[in-house]
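Note that subunit A is present in both complexes that follow, paired respectively with subunit B and with subunit C.
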Partner chain A sequence: MAYSDKVVDHFNNPRNMGSFKKDEEGIGTGMVGAPECGDVMKLQIKVQNDTIVDAKFKTFGCGSAIASSSLATEWLKGKTIEEAQQIKNTDIVQELNLPPVKIHCSVLAEDAIKAALADYQKKSGDKTEAAQ
Partner chain B sequence: MAHHTHTSGSRDLQMARSMCWHCQSEVSGEYFCDRCVKVQPVSKETDYFTCFGLPRRLTVDQSKLEAKFYELSRAFHPDFYQNKSEAEQTISLGNAATLNTAYRTLRDPIQRAEYLLDLEAGSVKEIRTSPPSDLFEEILELQDTLEAYRASESASEAGRTLRAQLVAEQAALEGRKHEMEQQLQRLFTGWDALQDRGDAAAQARAERDRLLKQMRDLLSNRTYVKNIVTDLVATIG
Partner chain C sequence: MKRPIFLDNHSTTPMDPQVLDTMLPYFVEKFGNSASRNHAFGWTAEEAVEQARKQIAKLINADSKEIVFTSGATESNNLAVKGVLEMYKEKGTHIITSSTEHRAVLDTAKSLEAKGLATVTYLPVDKYGMVNPDNVRNAITDKTILISVMLANNEIGTINPIQEIGKIAKAKGILFHCDATQGVGKIPVDVQAMGIDLMSFTAHKIYGPKGVGALYVRKKSPRVRLVAQMDGGGHERGMRSGTLPVPLIVGFGKACELCEQNMAEESARLTTLRNRLQTAIMDSLEESYLNGHPTNRLPGNLNISFAYVEGESLLMGMKDIALSSGSACTSATLEPSYVLRALGVGVELAHSSIRFGLGRFNTDDEIDYTIKKVIEIVTKLRDMSPLYEMAKEGVDLKSVQWAAH
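Here is the complex of A and B:
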């Protein structure tokens, strides 16, 4: 089975690979894994004034998992938290033309986005609570 | 559906009771109709343990499993169905395929456990497993070292240092994988003992869920470790 051109492109030139310091201001970290295939994905967002100004990822897994997370970081940049919540795995499947056996990679990416957003919201919520 | 709640009572190794496709009599035999002796298809609801007449346990008598598998492989061998009807040929072929998969699954302790956990999934899914963040961080860090090694000149000082580091990592991870497998083995024994007791008290149910969750977590973590080890081996040879 061949990967689509877009998957190959993201795999060869991954966008936004790397990481932020977890405890830095405005950082949300999502760390997820797929127990069935052993893939691990870390996705981080940097938020300023409710907008995602930067995003980074690190993925250990197959080409589709890397491409899914790479694409996710591209999409996240410039989005508000609320807009980011709307990203669905099916959007990733469509954009990357993922075959049925690789759909779980896009699910993993969506989970990572959700986890990063939740982590950011929890951290900023804690801070507002502490300030009150 | 009220009458269909729990049938754990007498699990005396029967195929799901149904009608013989040929003579319409009730089939109570294992794979062949008692009356017309025609081969019967393995029911979709029959779990792999029942296929081989084994109790649903995580420790399996390997010699018994193998003997039963060979016996059934002979019983469904295409050679014996050449002169039979098309329906019988199709059924025996289907049975042989199912039993092959069943045998491969039950033969391997890890696959067997994964399969049993799937059978028990109803209650496992309710238990939220938390992703092992520390292990993930470790795997991703190791991934960076692997990248650096792949990019380095293997004969260079840096290349040699990275290689030594990776060799050490591989040994450590393989040790951990082995430890996980031993721990799993202990859980398997605990699970079987609990099943043997057949206790339905609340305490036993809690113990059951605890064991299922621990097994689920360990099996997942083992897969993560196994994958990174495979990657390591492929890179440093």
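Here is the complex of A and C:
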């Protein structure tokens, strides 16, 4: 199976690979997938004033899974929480030219985005409650 | 050093140039049909086929009349299992095989089961991938007509105790078929000493051409009979009709002759090279696990799982080395290797496995380059792996509640 140039590029030059400390201020962490299924994605966002100022990923999985999460971090940066909610797996499929057998990689990336956003909202909500 | 490097010699092998030279006259100049009995074209072809038959038989200590040519090992396996069942079904319809056989045997058995023509016992293997002869003995019933166990596994290279299984089969008067596709030409095979009644093998795994294989069918004590699965002109003692592909057969014969001449030297060289690859990789990379038997294994085989990284991404990171992985992502089924699973290797580690297949034309330089590349890419992908990060933080990955998808 041939990989698209974009998948290869993200695989060879992953963007924003790494981790934030989970307890750092304004961090949301999403971890999705399972080792038995052959892919696990960890996606983290750093939020300031409702805007995602930074994002990082770590992925265990095939090249397309790595590329999907790398692309997701690129797209997340600069978006508001609400804009980030709008990212769809089909956008990732289109951008990376993923074949049908790799669509689940894009689904996983969307799930990871949602999970990171939810984690951030839960944490900031908890804090607001605590403050009140 | 030429790239990409071919380290996938279990899938196929490049043809030896000497084999090609031997074949060339049989395409244009000596093109006859070996079944033509009445002219020189036919005689020349027949002579070439019989010469090849002898070369092939010699490699496995058989008589040349016991070699039946087929299109390859898949056909040989089908012919052996289906042909024996059809011939001896009055005696019984029970077949014993193992869970790590090639799909040409497993799916043949499953298709017979699905049609209600046979009952099949799939024997488990131990953690090294070996069939226990006692399990074979215990699985035998008064309806058992065939035991089919492979010589060496195509993924992990583990070599089965064929001689012991052969003895058991003989003592019980049950036919013994061996899929020796990966073993013939690489390790000594002797159908007499091993008690094999039927044996499948193919030319393209031993530096011969693709498209030709053989089924050894024992002629004496016992005389094995088969129902042909291909009807036609009654070639190959009536067991496999179809005009013989003379050039391919000539190449197959030469390939066997070369294997026989070079086996001792070649297997020693490949074992040294393979061990170097194994030691260098496993010494440098923590949590890399050998799959298969540590010693009782094909000389050119090395199968390693690299914890926390996924196989397909490893292959993608080593684009200039041709390798194979047990990862589901590399297969059409989305399930990781059933062979590794049968050994008790966890699904995660099955996803993380790489098979190195060394062959006649691999050089020291290529192995050095591969060592360097493997260490580089595994390290890079582990840096990228959330699982590796968690393991380093001391998280027990088994205790994590994963959301399966």
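FYI, the second predicted complex is superposed on the first by the 129 of 132 C-alpha atoms of A that agree within 3 Å, B and C clash if a C-alpha of one lies under 4 Å from a C-alpha of the other, contacts with A are read in each partner's own complex, and residues count from 1 in each chain.
Assume a contact is a pair of C-beta atoms (placed from the backbone, for glycine too) under 8 Å apart; a residue touches a chain by one contact, two chains touch by 3 or more.
This is a predicted model, so every value here is computed, not measured.
Engineer: When the two structures are overlaid on chain A, which partner does A:His104 contact: first (subunit B), second (subunit C), both, or neither?
Structural biologist: A:His104: touches subunit C, not subunit B.
Engineer: Based on the superposed arrangement, let me know which partner A:Pro14 touches: subunit B (first), subunit C (second), both, or neither?
Structural biologist: It touches subunit C, and subunit B stays clear.
Engineer: Quick check on the superposed pair: does A:Val40 touch subunit B, subunit C, both, or neither? Answer first, second, both or neither.
Structural biologist: Once the two structures are laid over each other on A, A:Val40 reaches both partners.
Engineer: Does subunit C touch more residues of subunit A than subunit B does, or is it the other way round?
Structural biologist: Comparing touch counts on subunit A for subunit B and subunit C gives C.
Engineer: Looking at A:Asn89, would you say it contacts subunit B, subunit C, both, or neither? Reply first, second, both or neither.
Structural biologist: Neither: A:Asn89 stays clear of subunit B and subunit C.
Engineer: Please indicate which partner A:Thr73 is in contact with in the superposed arrangement: first for subunit B, second for subunit C, both, or neither.
Structural biologist: After superposition on chain A, A:Thr73 lies in contact with neither partner.
Engineer: Would you check which partner chain A:Cys62 touches, where first means subunit B only, second means subunit C only, and both and neither mean what they say?
Structural biologist: Only subunit C; A:Cys62 stays clear of subunit B.
Engineer: Please report the subunit A residues shared by its interface with subunit B and its interface with subunit C.
Structural biologist: On subunit A, the overlap between the subunit B and subunit C contacts is residues 31-33, 35-40, 42, 58, 60.
Engineer: So in the complex, the part of subunit C that touches subunit A is made up of which residues?
Structural biologist: Residue positions touching the partner: 308-310, 312-313, 316-317, 327-329, 334, 336, 347-348, 351, 383-389, 397, 402-405.
Engineer: Considering only the defined contacts, which subunit A positions touch subunit B in the complex?
Structural biologist: Interface residues on the subunit A side: 31-33, 35-40, 42, 58, 60.
Engineer: Under the stated contact criterion, what part of subunit A meets subunit C in this complex?
Structural biologist: Touching subunit C from subunit A are residues 3, 8, 11, 14, 17, 19, 31-42, 58-63, 65-66, 101, 104, 107-108, 111.
Engineer: Using the touch rule from the top, collect the residues of subunit B that touch subunit A in their complex.
Structural biologist: Residues 129, 131-133, 136-137, 139-140, 143-144, 216, 219-220, 223-224, 226-228, 231 of subunit B touch subunit A in their complex.
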